Amino acid sequence: MLRFLVRRVTGALVILLIISAITFWLFYAVPRDPAMMSCGKNCTPENLAQIRKNLGIDHSIPVQYWYWLKGVFAGRDYAGYGYCDAPCFGYSFANNVPVFETIMDRLPTTLSLAFGAAAVFLVLGVGAGMLAALKQGRFLDKFASSASLLGSSLQIYFVGYIAMYYFVAQLGWLDQPSWTPFSEDPVAWFSGLLLPWLVLAIIFTANYTRMTRSQLVEQLSEDYVRTARAKGLSRANVFFRFAWRGAMGPIVTVFGIDLGTLIGGAIITEQTFSLPGIGRLAVKSVDQSDLPMLLGVTLLAAGAIVFFNIIVDAVYALIDPRIRLA
Amino acid sequence: MTSTDQQPFLSVRDLKVHFSTEDGIVKAVDGLSFDVLKGKTLGIVGESGSGKSVTNLAVLGLHDRDRTAIEGEILLDDKELLTASEKELERLRGNKMSMIFQDALASLSPYHTIGKQIAETYRKHTGASKSQSRVRAIEMLRRVGIPQPEVRVDDYPHQFSGGMRQRAMIAMALVCDPELLIADEPTTALDVTVQAQIMDLLKDLQQEFGTAIIFITHDLGVIADIADDVLVMYGGRCVERGTKREVLQSPQHPYTLGLLSSMPSLDHPVDVPLNPIPGSPPSLLNPPTGCRFHPRCTFAEKVEGGLCSREQPPLEVTNGRGSACHLTAGQRAEYFSDLAGSAAN
Amino acid sequence: MTPPTPSAAAPLEVTDESVEKSPTPSTSKGGEGRSPGRLAWNRFKRDRTGVISACTVSFFFVVAVAAPLIAKLYGKDPYTTYASQRPELLNPFAYPSGPNGGMSSEFWFGIEPQLGRDVFTFLLYAIRNSLGIALAATVLTVVLGVVIGTTAGYLGGKTDYLVGRVIDILLSFPSTLFFIAFMPVVFGLFVAPDEEIPTWLRATALIIVLSAFGWASIARLLRGQVLGLREREFVEAAKVTGASPGRIVFKELLPNLWTPIIIQTTLMLPAYVTAEAGLAFLGVGMIDPTPDWGVMIARGASFYTEDLTFMLFPGLSMVIFVLAFNLLGDSVRDALDPKSKR
Amino acid sequence: ACSSGDEGGSSQDKAPKVTGAKTVEIPVGTKADSTGPAAEVPGAVTGGTIYSLQQFDMDHMDPAQIYVSTEAAITVPIMRGLTGYKLDAKGNATLVGDAATDAGTMKDGGKTWTFTLKDGLKWEDGVEVSSADLRHTFERLFATFVTEGPRYVQDFLVGGDKYKGPYEGKSLDSIEVDGKTITFRLKEARADFNFTLAMRAYSLVPKKHDTKEKYDKQPISCGPYKVDNRNIGKSMTFVRNEHWDPKTDAIRNAYPDKYIFQMGYELVASTDRWIADKGTDQYAVPIFNEVAPERIAQVLTNADLKKRVLNAVDTVTYYWPINMTRIKDLKVRQAINYAWPHQQLQTIGGGAYSQEIATTIFAPVTPGYTKFDLYGVDKKPGGDPAKAKALLKEAGKVGQKLVIAYQQSDTAVKTAVAIKNALEAAGFTVVNKQVDKSTFYTQIGKIDNDFDLFAAGWSPDWPNGYSQFYPCWSGKNIGDGRSNYAQLNDPSVNKAIDAASQIADVEEANKAWGNIDKMIMELAAVVPDYHKIRNYLYGSKVGNVLWDNANTCVALCKLYAKK
Amino acid sequence: MSSTTPLLDVSGLTKHFPIKGGFPIRRTIGAVQAVDGLDFQVAEGESLGLVGESGCGKSTTGRLITRLLEPTGGRISYRGEDITHAGRRQLKPIRSEIQMIFQDPYASLNPRQTVGKIISGPMEINDIHPAGGREARVRELLEIVGLNPEHYNRFPHEFSGGQRQRIGVARALALEPKLIVADEPVSALDVSIQAQVVNLLQKVQRDLGIAFVFIAHDLAVVRHFSQRVAVMYLGRIVEIADRDDLYGNPRHPYTRALLSAVPEATVQDEGVAGRERIRLVGDVPSPINPPTGCRFRTRCWKATEKCATEAPPLVQVEGNKPGHLTACHYPETADVPATVPAPRLAKDPETAA
């Protein structure tokens, strides 16, 4: 296990390193001067030079990257804003706030959105998939399959607005989506996120229903499931302890990937529901050509994906003893 | 059959198992009857696809009831199984009757330890505690010759070798001392040396517990080694049955004869070509009319009037011995004699 | 052993005869065999949902291809702002003044709020553009994925390792974020500052960026498949006869990969249609006045409270298209791979 | 809501029309006017929290860097300058002393200005505001890190062109501090200098706490509230500053306990929330989030909603400067003016309820406004492509390429489409160039930019022509990052601006400015687009929502939260 | 054996598959010693049988001979030409002479190609233009292997297992090879079909004079088909001899045990002594870590210290005919039945390890 973790975490770090380098390089592929943005109306060359120094962009690109990298691990001294402790992802070009703090501040929103939606779609999707598998070919199966298919064909911004219109504005069943920290007001937290969760879930559930169903159907036809039945175990026992066990692997895999992507930014969702999460931060940093923020967000997103990949593999090994971690 | 006085432990009458598939109805088993006696071994031989496994899955009631039409009668110790409820069947399976499958790796759950899988059966049917059943599992493993069973009990199937897996399967099947054991080609995937080990094991265990065994194989050599009675299946039907000696030494059906004569052996002369059955097995979707074997039968034209392609020969059983062929007894004696002799050599 | 009576002496002839009665008493007598593709086609034809969705999908493609023709017959175009000559088409709030979003015999699907363009032709061209982009991206993705995946899988060793790592990195990239971040970069690289970003470049950039990320998953899948197939005996059989690696990849392996390739394609196309729309929604895809499905929906989404019609046509048509394509994908999968029951 | 076919009803007529709007003159108040506390608002209650929903966060909190209306509006409760605008119950403004005891004393015809600091003014840490702070406030404006704010004072003060800020220990001689009085010596007479100082950029900064660049994140308050919590891009909270004494403040009432500003709401999203009017949104006011154009119809046609709309005419005029360096031919510029699709752009912007077509640079509410219509917009609001084409032909420039820069936003994109269609109909070749939001003004502000036409807007920094025309149309203000986007450098215009700014008589001056407006329009250096009518929807539990005529925003310090 | 160079000469043939692993850097940490020093020859037109338990390296040997695998060591020469490490180009002329028939009739035919294409493929690759065209040749080949030439355009899935195996044979014959490596060509087939294919191969061998390396684990089938037989155990040949010698006079204990384990479809009359039964215990050890010395010693009832330290050479032991080579320190003697028959069932689990 330790070997596995060491190896995978090293691999993950390398991937993140490459991703950050690519992002860095691509950002500068278009000639533009971030200093110009903060220089404002009365910009003199001295001002520009000062701002460049403050932002730490008065070096060649590789050197900048090196300083940035060093900052991440060892902290870094900024001309304009003093020392920035490790992990230092720099200061935003657009409004000079520390990137790390901003991201940490936005993270709870995105995490709430992601985990909440994940809980909803996992429960709904897997539940529906199980029912469908149990009632193969019956009405319930057909219903679950087609409903899920319809769900997966919808777009967040399409359903999102319609749902807001009907459920919030017209019927008043749900609250306007909004963000309140859980620690501040759990009820508001919940009611503000309920609609985004549901909308996200509609779209994701489909995939889980289908996958759960197909996995279970496949597993149920496995020889070892037949053996279990031949031993005299009850249907329910066989279903949950044998078939479901086998079906879990791929579901966990996809779940991990989805969770990683969601945390990396449910950009469209956050945009649709005006939630102040990582996704919107990303859009904003793109709008403002804010490299440090963009880098931070990209790394967070990639990190989430990589992290959940490792988790998935570890969980997979727990589920399936045939897989050895190394 | 030699001992007619005995009540059959399992009795199958006119069993029909039909699957409805996209392409039509597969008549996998079409009117099959046989008996298994207590403490005896019935060997079922037949080519791939002849319905051996389907028959035995029907006995255990493991077919998907929605998609399978099963007719006939299966009496286990005078209990009708086809009409039994799922609950009743669950109580019988693994307890009174159990099964060993061919592909042990696929048939053992990869997610649970060998010990758990064995113990589970025991607990289910005896209500023993966890620790009791674990002890029982270790004992069973030792019984089937797994070295260091206390250690190996916590291994997963993939950590076992092929032969050991098959032994574990056997241990699992026998953990509740079943009265009927169905072994579906338990040795086909194994090497000859390991096959010999497993067959010896089965024989020993049968002697010890008096279990009735149905042994499925397509290898007549294995039948010769282990079975008391033999049932030869072809295209979902029984073409011949009798004791091992009767069937192997004086086959009454051209198919059995063909099987015997197409087998290379360690002491046949080598320079003569083998004597294969021409053609290939029949489609069960669209089985040949009349005798299902007639397209491949070298004697079909010996029966006048093309009877073979029109009419299904009945299986006439006397004293447990019978065959389903239009050839007259005389014809058989004439055509088969030298052959049978050579086969028995 | 005494050779038994008549037939055994001539086993070959007997087998010949048996072949006639071989397990496939099929319709095909001699001549043309039932290829796996043909079998799949037959299975597909029997699937009613599949056929209906295929028709729906083809309808969309026909509409896309024939958009200029239809627009010509219909007599409108998607670019003219009809309201600028006829201000009475819009009410003082810039919404269509006619009921139902201004639907009339003249403007079938009504007119657009604010600018007053014709929704019907706009939608036609939007479908045309979006499908075109999605299709091109799909083709490019699949080609890239297939070439890279099969090559890596077949060659193995260092190449495979390298490609594997590149795939890892690509799959770890937060792709949506990347799209929005670097579409401007792509434009910046190709366009002089005083030139309008040409529509073709936007489209090309979209296609390139979408496929640059999309190929990885296909390549990974195919690589796995090839790794499996490579060990299959028919590949060894080809090698034993001296076949070149090229021949093995293209003549032996590729035909066996059609199933996953087709399945992936049917998954990818609707995904790209929605992805393209999503990017447009975020403002980095196509842009007015180029008609685009996603742009239409995104704009409809802001007017729906007052002019639902304007949102409904593009929105529903996309839902229908994606749904039909998904259903079609399912049916194709079932037909190609009858064992997998979804 | 399927159809919006039927007319909006009679409410249409009640919407204000810019054409009918009066010009807003702001008188200078007396010492008595400048003495606190501010008059109570009838029915107001203390306590509660006021929220806001807005799209953008403020880029700057250092007053010296503040030039954008949003930033100015939002900082009223925490920043105080020497002068400020006091509102009466109807929202009419008077210029009074804020930190100063009165609106200042002018000598030498406006070349010397003296202000006296009020007693009892304290920073949020309880330390008294000192005259050193006053001096520092103005000296630090010259520091290099100050790049965004206005440059009026810096340009006006004697010696300002050489001074580099206080941080190297040097002080500026033209600022004299004596006890509680501060005297400014200006290069030339500025009769409206006290109005200049009312700009947020000249709010006070404590010398002790001046952290230079970092002050931008952490301003120190001497107003009734202070920044409690700031979360850039997301939210900001103001809480009470206990050291503020209402008696020192004639301008601000401070009813709510807290302000919570919430950022990141697109117009449509915020409008929908105000329409829904749920939870804390009932206590929300807009800072700059108007009713989204997409929702104007819904809001204005619904009597209930309409009750909650603050409707006001802004001093801003949105226009499209024509790059004079690139488009040198008058006829071409005139052709652009003729071809302009005014009406269509108005429609896209939300219709006559939110904007009125402009033919002048001056907004009708700004003193000095004179109505004229040089390019026949009133008659042909949809544009006159024929005439435009004829002019182009005359100039021999048919097919003239025009590069139009616009920001990336939904409305901007649609606008660009309409303009392109119209100009191409008149014989131009149009290149629409989308420019990053973040660098839009930087890019069009460069002298050698690549654009011919771009959207801009200007509202005077105080209500007269000087701050309307000098920054944007004087040839002296051409430079990278300066606001003379058209790069207009016409000697007669320059002369006229200089002359007008020296006229002390208000009436006279206004007339002069009105003429300059016409001069520029004759040169066709710009296409005036529209005058803005603001429609602000607010929550049902916010009391006394007033339009602040002088700061052109919702008067934050007059609000209260209903119980 | 004739004095002329044999068709195929294999000496010291070795194949080790590296095992990757290790931490933190992946490297080769061991090897599967699949084949470890094989020596044998195949003469023209002769059939050499290769038998042994699963995993003993039979297929690996076959794939080394056909050069599907790169040998780790040893030498393979075909008609005197060293092809041990020959590249694809160098092998080109030889490719058509050495062909292979595979075990799995389902996996060995490309499901997406018609029978015609499958069989004409090798000709296309090797640029062979038979008189009368390729198609005619294919039909001819189909006829030779007993299939209906009309089935030229059918796909493999339309055939039964036996028929598919015939197609495989036809493909191998298409290049008119001199040597065919048949890797368990009949193991996957039903008995009734198996005989058909064995007969076909026999006919091919006889009529066309093709030499065979016939791999199987069924001793009876090998006996029927091969003139000479080699028994493999864990990557090594333990005994190689002419058919009659090997089956009549097995000298290696393993050969003996193997022979005795073959089930025969005969019924012993009561009282008549059955065939000798030797029951080996346990499984074949792992080729990653093969036993030292004689590899069979862990399952051999005769093993001594010597077996553990000294690997017995493959030599002609006393009492053998020439060409009958055995690798054993304590060879069995012909007339005495196995010295110590193992117990029928290992009751003591420890010994079963």
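In order of appearance the chains are A, B, C, D and E, and numbering begins at 1 in each one.
The rule is simple: a residue touches a chain if its C-beta (ideal position, glycine included) is under 8 Å from a C-beta of that chain, and two chains touch if they have at least 3 such contacts.
Chain by chain, the UniProt names read as follows: A, C = Peptide/nickel transport system permease protein; B, E = Peptide/nickel transport system ATP-binding protein.
Worth saying up front: this structure is predicted, and the values here are computed from it rather than measured.
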Chain E reached from chain D - shortest hop count over touching chains: 2
Contacts common to chain C and chain D (chain labels): A
Inter-chain centre distance, chain A versus chain B - centres from mean C-alpha coordinates, in Å: 55
Intercentroid distance (Cα basis), chain D paired with chain A, Å: 40
Separation of chain B from chain C, taking each centre as the mean of its C-alpha atoms, in whole Å: 50
Length of the line joining the C-alpha centres of chain B and chain E, rounded to whole Å: 31
In chain E, residues with contacts to at least two other chains: 160, 163, 196, 199
Two or more partner chains touched - positions in chain D: 408, 436
In chain C, residues with contacts to at least two other chains: 11, 15, 22-24, 184, 304-305
Interfacial residue positions of chain E with respect to chain B in the complex: 53-54, 160-163, 190-196, 198-199, 202-203, 217-221, 223-224, 243, 247, 257-259, 261-267, 277, 279-281, 283-284, 344-347, 349-350, 352-353
Residues of chain B that touch chain A when the two form their complex: 57, 60, 62, 66, 86, 89-95, 98-99, 101, 103, 106-112, 117, 120-121, 124-125, 156, 158, 172
Footprint of chain B on chain A - complex, ascending: 137, 222-224, 226-235, 241-242, 245-246, 319-322
Chain D - residues contacting chain A, complex: 57, 59, 65, 67, 144-148, 151, 213-214, 216-217, 231-235, 263-266, 269-270, 272-273, 275-276, 278-279, 281, 408, 436-439, 441-442, 445, 480-483
Sites on chain A touched by chain C in the complex: 11, 15-16, 18-19, 23, 26-27, 29-32, 136, 145, 149-150, 152-158, 160-162, 165, 169, 210, 213-214, 217-218, 261, 264-265, 267-268, 271, 279, 282-283, 286, 294, 297-298, 301-302, 305-306, 309
